[in-house]
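Which chain is which? They are A, B and C, in the order written, and residues in each are numbered from 1.
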Amino acid sequence: MKIIKLGLILLIVTVLSATSLSLVYLQTADRILEVKKEKVYKLQKEILPLAESFEDIDEGTVKVGYDGDKNEVGRIISVSPKGYAGNIEMLVGIDNEDRITMIKIVKQSETPGLGSQVSKSDFLGQFKNKNLAGVFLRRESTDGEIDAITGATISSRAVAKGAQQAIQKNIKAKKSAEPDSEADEKD
Amino acid sequence: MQKWRDIFLNGIVKENPILILMIGLCPVLACSSTATDAFGMGVAATFVLLCSNILVSLLRKLIPTEIRIPIFIVIIATFVTITDYTMQAYFPQLSENLGVFVPLIVVNCVILGRAEAFAYRNTLLASILDGLGMGVGFTLAIVLLGIIREILGAGTVFNVKIGISNPATLLILPPGAFIGIGVLIAVWNALRKSKGSVSSPCASCGLRQMCHSSKEGECEALGQIK
Amino acid sequence: MDLIQLFSVFFAALLINNIILMRFLGLCAFFGVSEKMGSSIGMSLAVAFVMTLATAATWPLYHYVLEPLNLTFLRTISFILVIASLVQLVELFMKKNIPGLYRALGIYLPLITTNCAIFGLSLLNINYNYGFLESIFHALGVASGFGLSIILFTGLRMRLNLAPIPKFIAGYPLVFFTAALMSLAFMGFSGMFGIH
């Protein structure tokens, strides 16, 4: 008898708690979703400042940015080159002329204080407006215009490599899309 | 008046949960790499502690002794979830920085310990003061550690640059947390000139009773081995 | 699910993201029972046992009950209740049916009911979006990491007991400094095998 009574009390407490939690959840759920969406939008907007709206293609690895008149102004490509300690997840913004608008590091686990500096704007700012030939390390390519971070060549090279991959991926995607459009025109 | 003051100050000085009792250390070490995160964690834990103390004290006559621990856990978990969702909605950056340590407040021994050792046996006003005192003591310790680590490790405090050109990054990394808390406790001990203030890690753990401990402040596991 | 991925989850949890030295979970047990070798081995085995069991219970609970029913806001409360009752059940079962094992591990079980490492691990498995098998390997890796660090730490503490130590850092401050040096050493593992 006692056990049933105790169990009942525990049940009542749990039900009360679950009810109050569901109320809190209903109050905050919409806002949490909104905050998350806003954060993603803000990041994308920072990478492609000209774009007003974004559309996911290629399972979300490529985002196409459109301006107010629905014209494409550039794309955001996600790549994850191999760094010194694991992969560096980064977003690369590319405009219609295959130049980089901005790079953001989403996740990295490089050596703190050395490799981790690749996510600072001092380093990433160098990539702005560079084309494929430019996004190599200065010491590794004659056209390269990127200065590696002292003591963190591997991490710097990884980010440069990510930028190259993104541009190449974008050019390739455009090329494979072109024959179709030409075929359309002939018809 | 004296009595109320003593209850409040008890958690800050005499039985500071971090510096003296050394319980609930996990969030202190994990969330003190910046002063801002430390402050957020301190406020969140204080809120849960205060709310659970209030509710437990109000319901203390209705809660049967046999199932008080599960009921405390349900009460604490409810307030922790409320804190978690509120933080996600209104302080998303803080919530992201603290990560899994917000839901983990639920297993913080300080909170369960105060529910069991104080709120279940005392009046509402005393429990409120105890919750506030313990919460403030916890917050002071974690923010102090956060400030030290952020200044020496990143050259900023509450994200404001203070002109240290070559900070020791080590301090904001995991080893820095251990060094920081070690120095803090050593200094605290030296200041208090305490004679072996080191107490058992489960001295005020709420689960003491569940450990079937024979001696005060000594869990069965620790006791048997000794 | 290939084997290499499972092992990289295991080794990352064991060395690179060591639960104690890098993630600061389960510190009470780490500092509390690391004075004698026997107790730290017993504690690690009990933790490994409960971690695996807790993962096997909470992962299906989340993915087959809470998520389909849209009740994810009950995650914290249901996990903690499930883990606490699981430990109690295991304790009762052991006491009755496997008294030998109970004598060796049983006394540690109540200590880890509210151990944050167990609960934290269950949450991490969900946050990392691990599948069931990955979660189990993660649990094994985390538990081995706990065992590795607590056993090494006990060895160091036993040596330090014999050393002359200035009075104001004797006791807990010294224990924290030792943990700091171990944590520093474990940071050297980051980047190993290119996993993180």
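A few notes on this one:
Here, contacts are C-beta pairs under 8 Å (C-beta built on N, C-alpha and C of every residue); 3 or more make two chains touch, one makes a residue touch a chain.
Owing to the predicted nature of the structure, the values given are computational and were not obtained by experimental measurement.
The interface with the greater count of contacting C-beta pairs, when A-B is set against A-C, is A-B. Of all chains, the one whose Cα centroid sits at the greatest distance from that of subunit A is B.
Rounded to a whole number, the gap between the C-alpha centres of subunit B and subunit C is 21 angstrom.
For the pair subunit A and subunit B, the distance between mean C-alpha positions equals 36 Å. Chain geometry summary: the mean Cα position of subunit A and that of subunit C are 33 Å apart.
Touching of two or more other chains is recorded for residues 73-74, 77, 81 of subunit C. Touching two or more other chains at once are residues 14, 17, 21, 24-25 of subunit A. Touching two or more other chains at once are residues 70, 74, 77-78, 81, 85, 173 of subunit B.
Across the complex, subunit A is touched by residues 64, 66-67, 70-71, 74-75, 77-78, 81-82, 85-86, 88-90, 92, 169, 172-173 of subunit B.
Interface residues of subunit A, counted against subunit B in their complex, comprise 5-6, 9-10, 13-14, 17, 20-21, 24-25, 28-29, 31-32, 35-36, 39, 112-113.
On the side of subunit A, the complex with subunit C involves touching residues 14, 17-18, 21-22, 24-25, 82, 84-87, 109, 111. Contacts from subunit C toward subunit A in the complex involve residues 73-74, 77, 81, 190-191, 194-196. Residues 22-23, 25-27, 29-30, 70, 73-74, 77-78, 80-81, 84-85, 99-100, 103-104, 106-109, 112, 170, 173-179, 181-183, 185-186, 189-190, 196, 198, 200-202, 205-207, 210-212, 219-222, 224-225 of subunit B are the ones that touch subunit C when the two sit in their complex.
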